[in-house]
Amino acid sequence: MPVSTQVQPDSSVGCEPFEYQFRVALHDTDAARRLFFGHLFRHLHDAYELWMEALGFPVDMLIREGEILLPLIHAEADYRAPMHHGERIRVQLALSQREATRFTLAYRCLNDSNKLAATGLTRHCCIDPKRQKPISLPKTLAQALECRAVHRTTTGDPFDER
Amino acid sequence: MPVSTQVQPDSSVGCEPFEYQFRVALHDTDAARRLFFGHLFRHLHDAYELWMEALGFPVDMLIREGEILLPLIHAEADYRAPMHHGERIRVQLALSQREATRFTLAYRCLNDSNKLAATGLTRHCCIDPKRQKPISLPKTLAQALECRAVHRTTTGDPFDER
Amino acid sequence: MPVSTQVQPDSSVGCEPFEYQFRVALHDTDAARRLFFGHLFRHLHDAYELWMEALGFPVDMLIREGEILLPLIHAEADYRAPMHHGERIRVQLALSQREATRFTLAYRCLNDSNKLAATGLTRHCCIDPKRQKPISLPKTLAQALECRAVHRTTTGDPFDER
Amino acid sequence: MPVSTQVQPDSSVGCEPFEYQFRVALHDTDAARRLFFGHLFRHLHDAYELWMEALGFPVDMLIREGEILLPLIHAEADYRAPMHHGERIRVQLALSQREATRFTLAYRCLNDSNKLAATGLTRHCCIDPKRQKPISLPKTLAQALECRAVHRTTTGDPFDER
């Protein structure tokens, strides 16, 4: 039985994407006077870290305890509008997909005008740090991820139709 | 008459250092499992940018308007205790010194246990971006800096005796 | 028109992917003792900048001249093996696709054991900085890109069958 | 004891400061179109890491072996001329001071015109990672540091009179 069907999402938390805000700092920009694309991934990961903390699985605790690691196996972003120095960017994060050993998070970055400036994806694989091999997500983490997952739409886009 | 004596500090705002908090993110740490020293300067500058915004002189506005730039001519930090992944660090910022064309900010970084983890200094020089030459700080900025300056102690340490 | 006169493609190079090497520095790693995924994009972009320089179109010159900008509209990476502190990583870069207003570069990162540690893609759109609208790639740049493009395989993978 | 057996100082080098070159990448710059001051410390540390490698004490090996760590207790830089996108910066590094448990390195950054663009200092303290307490520098490391130290001048500036 696939792990993904074992969970009964807690409908009381369900449908809100997690939100995180950052300000485009001077060091985020480059000589072309926009956010340097690569720096966005720092901010997406900051959102992910705070989300994991909210779920009860702080990444720093996971690393210290050494039972599992959740390294990224894929990251991507689409840049739709330049993000400028001083702008406040709201990052929305939602679970996009969960499998036995991995999960994918989707991100949307909204600028000061509430315009979609960027989207992103990060895919994380659960590994055993000693053997450096994929292992199943701990059941408690899998449940926590689903609890905070947003309602899936027919398009598969976790942010769709909201 | 030196610029520094023209200002009448607004005692209503005076004596509190500006405070900013950050969380030590995974990307702030390194393989030695502590904050990489160089990344601290990003956070000190974030505190500086928010302070300038609070003073009414957002750095992004200054760069866009192009009348003055305030590049750093000196930066330093002393590291007293490792800053670990997940820790919340409070950065306190205060004006340390102001001269005609430059000013120095002092920083203190307090960790979760309220222990002094690091101190820092940044010295900024006011330049004319067209000629790339030092010029006097605009009077309004000089006044704003003094208004938020903390009471100077006999030791010259803006954080002393508090 | 500066852009049109810059390039003298070096026809001797043709079908070799461009190669760039970096060392995984302490600041590239994180508390999980591997390269932080987001930092890889700095290195991919360094490879891209040196490639553009080799083509006769240094990115810094393009930004200074202000005729065109080539901002990223998409970036992605797949991480196959952890990259460790001190490892030398060879980045291979090749043109993957070129359209009227945009081009896509593919990257392969090989570690000390010549194992594929990561792959990446960056897609760049040519814009007019004044109007912030897509425009056609300058002909000279389009030609230079093609000159250095590797032979396309039937799979469309620029690194395939080599 | 791994640390003590590593080094074969190259006596042919002696009094020359160690030199390292970097190119100011797009991600090193900011919206003010110069190198962001904080990013310089990444490059100074890169020079330090290559120097330690040349001395036979790669920092990644030290961290992996876990006998000693050499965290920074102080870092500073003075910025004398803006460093621009695309510029090649030569970093010269020399031992400035050595005490029982710590050492200080001095850096000079020369730009394309051979002009001094910045200077820097980093002070490293040798600690026992288990107890997080200062310990004496391993004798072999102390010797290696001295072997590569440049001739001290009467001013104490390791770069003076050359």
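Per-chain residue numbering starts at 1, and chain names A, B, C and D are given in the order in which the chains are listed.
To be clear about the criterion, a contact is a pair of C-beta atoms (placed from the backbone, for glycine too) under 8 Å apart; a residue touches a chain by one contact, two chains touch by 3 or more.
Everything quoted here is computed from the prediction, not taken from an experiment.
The pair with more inter-chain C-beta contacts, choosing from A-D and B-D, is B-D.
Averaging Cα coordinates per chain places subunit A and subunit D 37 Å apart. Chain centres here are Cα means. That of subunit A falls 32 Å from that of subunit B.
Distance between chain centres (mean CA atoms), subunit B to subunit D: 26 Å.
Shared interface positions of subunit C, defined as residues touching 2 or more other chains, are 26-27, 31-32, 38-39, 42, 45, 60, 63, 85.
If you sketch which chains touch which, every chain touches every other chain without exception. Interface of subunit A with subunit C (complex): residues 31-32, 34, 36-39, 41-42, 44-45, 60, 63, 69, 71-80, 82, 122, 132. Across the complex, subunit C meets subunit D through its residues 23, 25-27, 42, 45-46, 49-50, 53, 58-61, 63, 84-86.
By the touch criterion stated above, subunit B contacts subunit C in their complex at residues 26-27, 29-33, 36, 38-39, 85.
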